[in-house]
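Just below sit the structures, each encoded as structure tokens.
Both complexes shown next keep subunit A, but they swap its partner, so subunit B is in the first and subunit C is in the second.
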Partner chain A sequence: MNGAVRTRVSAALFRRPWLRAGLLLSGPAAWFVLIYLAALFLLFLSALWSVDSFSGKIVHSWTLTNFETLFKVPAYRTIALRTIGIAAAVTVTDILLAVPFAFFAARIAPKRLRAVLFVAVLIPLWSSYLVRVFAWRLILAKDGILNWFLGKIGLGSLNIGYSNWAMWIVFSYIWLPFMILPVWAAIERVPDSFLEASADLGARGLRSFRLVLLPLILPGIVAGSIFTFSLTLGDFITPTLVGGAGSTFIGNVVYQEVGIANNVPFAAAFATVPLVIMGFYLLVARRLGAFQAL
Partner chain B sequence: MRFAKIDWALAAILGAMTIGVAACGSSSSSSSNLPTTIGAGEGQLNLVAWEGYAQPEWVKPFEAATGCQVHAKYAGSSDEMVTLMRQGGGGQYDMVSASGDASLRLISGGNLQAMNVNLVPEWKNFIPQLQSPRHNTVNGVHYGISLQWGPNTLLYNAKTVKPAPTSWESIYNPKYKGSVTVPANPIQIADAALYLSKTQTSLGITDPYELTEAQLNAAVNLLKQQRPLIKKYWTAAADEVELFKNGDAVIGAAWPLQTNNLQADKVPVSELIPAEGATGWADTWMLAAHAKHPNCAYKWVNWVSTPKVQAEQAISFGETPANTKACPFMEQIKKGSCLKYHANAPSAYFESIKFWKTPVKDCGNGKTDCTDYSVWQKKWTEVTA
Partner chain C sequence: MIGASRWSRVAFAVWAALIMLFLFFPIVIIMLYAFNPSNVQSWPLPGLSTRWFSSTWHNAEVRQALWLSLRAGLLATGVAMVLGTMAAFAVDRFRFFGREAVSLVLVLPIALPGIITGMALNSFITFNALTFSLLTIVIGHATFCIVTVYNNVLARLRRTQSSLVEASMDLGADGWQTFRFVTLPMIATALVAGGLLAFALSFDEIVVTTFTAGAQNTLPIWIFAHIRNGQQLPQVNVVVLFVILVSLIPVALAQRLTRDTGVLRSGAGAPAASAAPAVGAGAVP
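This part shows the complex of A and B:
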């Protein structure tokens, strides 16, 4: 390119900000549309196909049988409700753990300790998810560390390995950092003067928390809950590894239908369920202002 | 795991696309153009196998002798094997160690090609029942070379389960609530049916794989009663080993492989074939319709058919070799193993095992009111969900 052309191009770009933005965004936008949206579209599309049970080949004619099966067979309803229920339980647990921790870390802890706590929250994310889940499997096993410890202090033993309790504990542990970080950021942003004013006006700690702090950090909590809820909703590894009889998640059915039963259309149909749930969840979250807290 | 959902969407699409391709590259396996010689190896062999079927003990010498590098993918169930052989248009894997409940599905799906048994000299030494069995030979066309066979056993912790069990009743007994484990596999319905065929004769079950709707419902009800007793439905043999090791399970349905592994780790377990008999498997190495390394495949079936390798695998997994000449080699590796795994007098024992086969509508007695496998799968989902 010679100088004159270069000047003309840059002048054209300068005069048309939309063109500049367009060029800048075209790469990521193409990626987003082709890889993400097209994939989602194909997912919905293949949910409307079916599989020939004899040859295992896909029949490309439109049918709603997959969705009919989903709603009619009680087993799939049980699985969907279990997945949502545990995702909700994990979210609530993480909120209860994260709020006091984040409050201490952001407002009470001295600066040094704050840095230590921050690293402590992040360190588990450096090791593989699988390793951490396997570790829990050994902790919760019948002859595992937990029961050994309970036995030592004379509390008998707990039989919670390979159960929904185990899943609840492991999920709560695994996703806790994703709740702590946004809540921490939200608490940090609340000016000290607000809490001082509240105290000056006679509110005790709990009342200040409920009426002043909580409304201000709610967007942060909701933002964290998007992570904990959606990550649990889409998981299939933890149920496989630490779940027991009756711990099947939506993700497990999808995995089985693709990898074992060779029924991709049905897997696609079931995979749309968490998508729809998350769609609603995000709508509600937006109303609560969660996206400003991210 | 933030991307789990997206991954699945991608997997679903890739799967859909590959199956679309598979639909185009259709199935034709004519028996007329069987190979008459085994050519030079292609340097590679991709297998779909049961856990424990591609042990370094016999794979390493094979690789050294033939130059065929073996890549084995372990599958946890017959359903998974069928799916693996069908995905990607069927060209991804060369061979599969299919059991009788997968082999006919693969043959009728056009996923396999006929094999020339004359290229496998040891085939003549197989027990007669496994030379041209119904599960791998259709209209005189061989779709594979038989390998090994054995029973699904009752595994228990001899320290905690006393007195020693004698019947399958113990895996349905509330006494072991929360300590039972059985395979996560719809074919498990046949185990319940086998038990019912001996204990509730009024149901009239003669073959645990040929069940009318009433008989199937009886078996499913038994499994639903069993469900609260189950600690975990195991998907990989290694899972079950860990359950027994950590004391989470004390009794369950297993393969002899788990018993061997647990005993090697000094876990006090025993196994038995209960009074009602057992279901079991008869496995065949089968050649994919679009196998990319057919010469290595033929070299492989020859290798695993030799008495020595047959003996090694029989002892390693705890099953019975198809080759009748394996006995002396088994004795060399482990004294008494020939007798233990019935390699010397297999005929009567062979007849006592109810081998896995795919349930179909045809009841085998002229009637066609039996429940087929898709019904079994649905019922199994009901039981385990």
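This part shows the complex of A and C:
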């Protein structure tokens, strides 16, 4: 392009901000609307379709059979409840683990240590998820390091590999950094003077925590819980690698229906369960101010 | 104030130390297993050796999977860098309908449970009768990588003044020159950091990939399959060590590049990022 034309084009663009905005947005918007949002929509539309049991082809007529199966077959109810129960247990565990740690990191640790801790929380967050699950599979295995250690200190052995206990530990481990970071940020934002005032007025440690600090950091805790809860709800790798016979998750069923049984409509119907739960969860979270704390 | 007494300080410090131990113990253990001379995966290790390294390196399947992962990661990163930067500029420079929703929509692919994103993309692929190929993997990865670039670039743009752009225009530079000589140098490190994080995210990803890869093996899929059927575990351990290192190097580099905005904490792996890119950025030294 020669200089004069180029100048005129940029001048024209400069005078029309809507045109610049439109050009900039067109790429990402097209990608997301055409590929992702359309696909999401299609997915949940397909939950209302069914699969012909003879030909294995998708029948494009509206039906609620998939949802009926979900409600009527007890196994699916058990799986859904198990998934939700473990997701809740993991969330509570991570809150209990993260809050004292975040308090130390945000208020007690000296500046230098804080920087070190920050990087130390990020490293597990960014190292491969699959690899960390695999590590726990080896640790919890019958001849793994846990039983070796228990044997050394004379406590016998503990066979929790391939069980719901293992899933609880591994999920709590994997998502812990997601809880620590928003809670840390929330505790950091509480002004010192609030806690000093509380102490001056005679509140001791626990009371200050319950009446002053906790209400102020609640949005951070809820923000963290969005991730611990949502990520557990939709997982199938951890149940596959460290779960046992009675550890099937919603994700496992979905994965099998898509990959093996080729029943996408039913898989889509089951996938709406975590989606609807997260929808409600996000509504509540927004009321509690968690979105500002993200 | 809570934590003022000496003993409670000590108690908090001990707790923090235990959490650190909890976070790092499995990572250290899994790295040690790569040096396990035996092909039995039990503890204690009978010794340390690098005997599996060369056979892993010469394993054709591993090489193929690595090559696919690298290509998918680089292409997805490229797409994410272009689209993420465009979105970041649009959100920073303009006011338009739906502007508030952009961050939310971009973070959806990693905030929603992985199976949902995976299934959605899977139905997109089957609906359009595409065959599973490198392209379908790249489509999936780019979709969830865009947000990392977007967050990084947006955080940087918010810290730069638009008056610099106006000054450049006043001095006679056209749009392209302004972008090339003023804007791009300002966002360069954030853009590279976002790209590195996108690559790290893509290189590790498994859930969405299982739904978009068909019968192809990326490195994580190869690892997952072999853990499940218990074959070639010594080589799996070596590959795992390699994956940890490869995913951490870009993150370490990205952290150095974005010291000013501290974007990493809200970064990509942490969907937390979305709403406010640099969560409490000032807080961390």
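What we mean here is this: the second predicted complex is superposed on the first by the 260 of 294 C-alpha atoms of A that agree within 3 Å, B and C clash if a C-alpha of one lies under 4 Å from a C-alpha of the other, contacts with A are read in each partner's own complex, and residues count from 1 in each chain.
In this section, a contact is a pair of C-beta atoms (placed from the backbone, for glycine too) under 8 Å apart; a residue touches a chain by one contact, two chains touch by 3 or more.
Since this is a predicted model, take the numbers as computed values, not measurements.
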Touched partner set for A:S46, first subunit B, second subunit C, both or neither: both
First, second, both or neither for A:T63, with subunit B first and subunit C second: neither
Which superposed partner A:T248 touches (first subunit B, second subunit C, both, neither): first
Contacts of A:G144 with subunit B and subunit C, given as first, second, both or neither: both
First (subunit B), second (subunit C), both or neither touched by A:R189: second
Which partner reaches more residues of subunit A (counting touched residues only), subunit B or subunit C: C
Touched partner set for A:A261, first subunit B, second subunit C, both or neither: first
Footprint overlap on subunit A, comparing subunit B with subunit C: 36, 39-40, 42-43, 46, 129, 137-138, 141, 143-144, 227, 230-231, 234-237, 240, 251, 254-255, 258-259, 264, 267-268, 271, 274-275
List of subunit C residues in touch with subunit A within their complex: 1-5, 8-9, 12-13, 15-16, 19-20, 22-27, 29-30, 33, 41-44, 82-84, 86-87, 89-90, 93-94, 96, 105-106, 108-109, 111-117, 119-124, 126-127, 139, 142-143, 146, 169, 174-176, 178, 200, 204, 206-207, 210-211, 220, 223-224, 227-228, 236, 240, 243-244, 247-248, 251, 255, 264-267, 269-276, 279-280, 283-285
Subunit A residues within the subunit B interface of the complex: 36, 39-40, 42-43, 46, 49, 53-58, 60, 73-76, 78-79, 129, 137-138, 141-144, 159, 161-162, 227, 230-231, 234-237, 240, 243-246, 248, 251, 254-255, 258-262, 264-265, 267-268, 271, 274-275
Contacting residues of subunit B [partner subunit A, same complex]: 1-2, 4-6, 8-13, 15-16, 19-20, 22-23, 76-77, 79-80, 82-83, 86-87, 108-110, 178, 227-228, 230-233, 235, 242-243, 246-248, 374, 377-378, 381-382, 384-385
For the subunit A and subunit C complex, residues of the former touching the latter: 3, 6-7, 9-11, 13-14, 17-18, 20-21, 24-25, 27-28, 31-32, 35-40, 42-43, 46, 97, 100-101, 103-109, 111-112, 114-115, 117-132, 134-139, 141, 143-145, 148, 173, 176-178, 181-182, 185, 188-189, 192, 195-196, 198-199, 205, 208-209, 213, 223, 226-227, 230-231, 233-237, 240-241, 250-251, 254-255, 258-259, 264, 267-268, 271, 274-275, 278, 291-292, 294
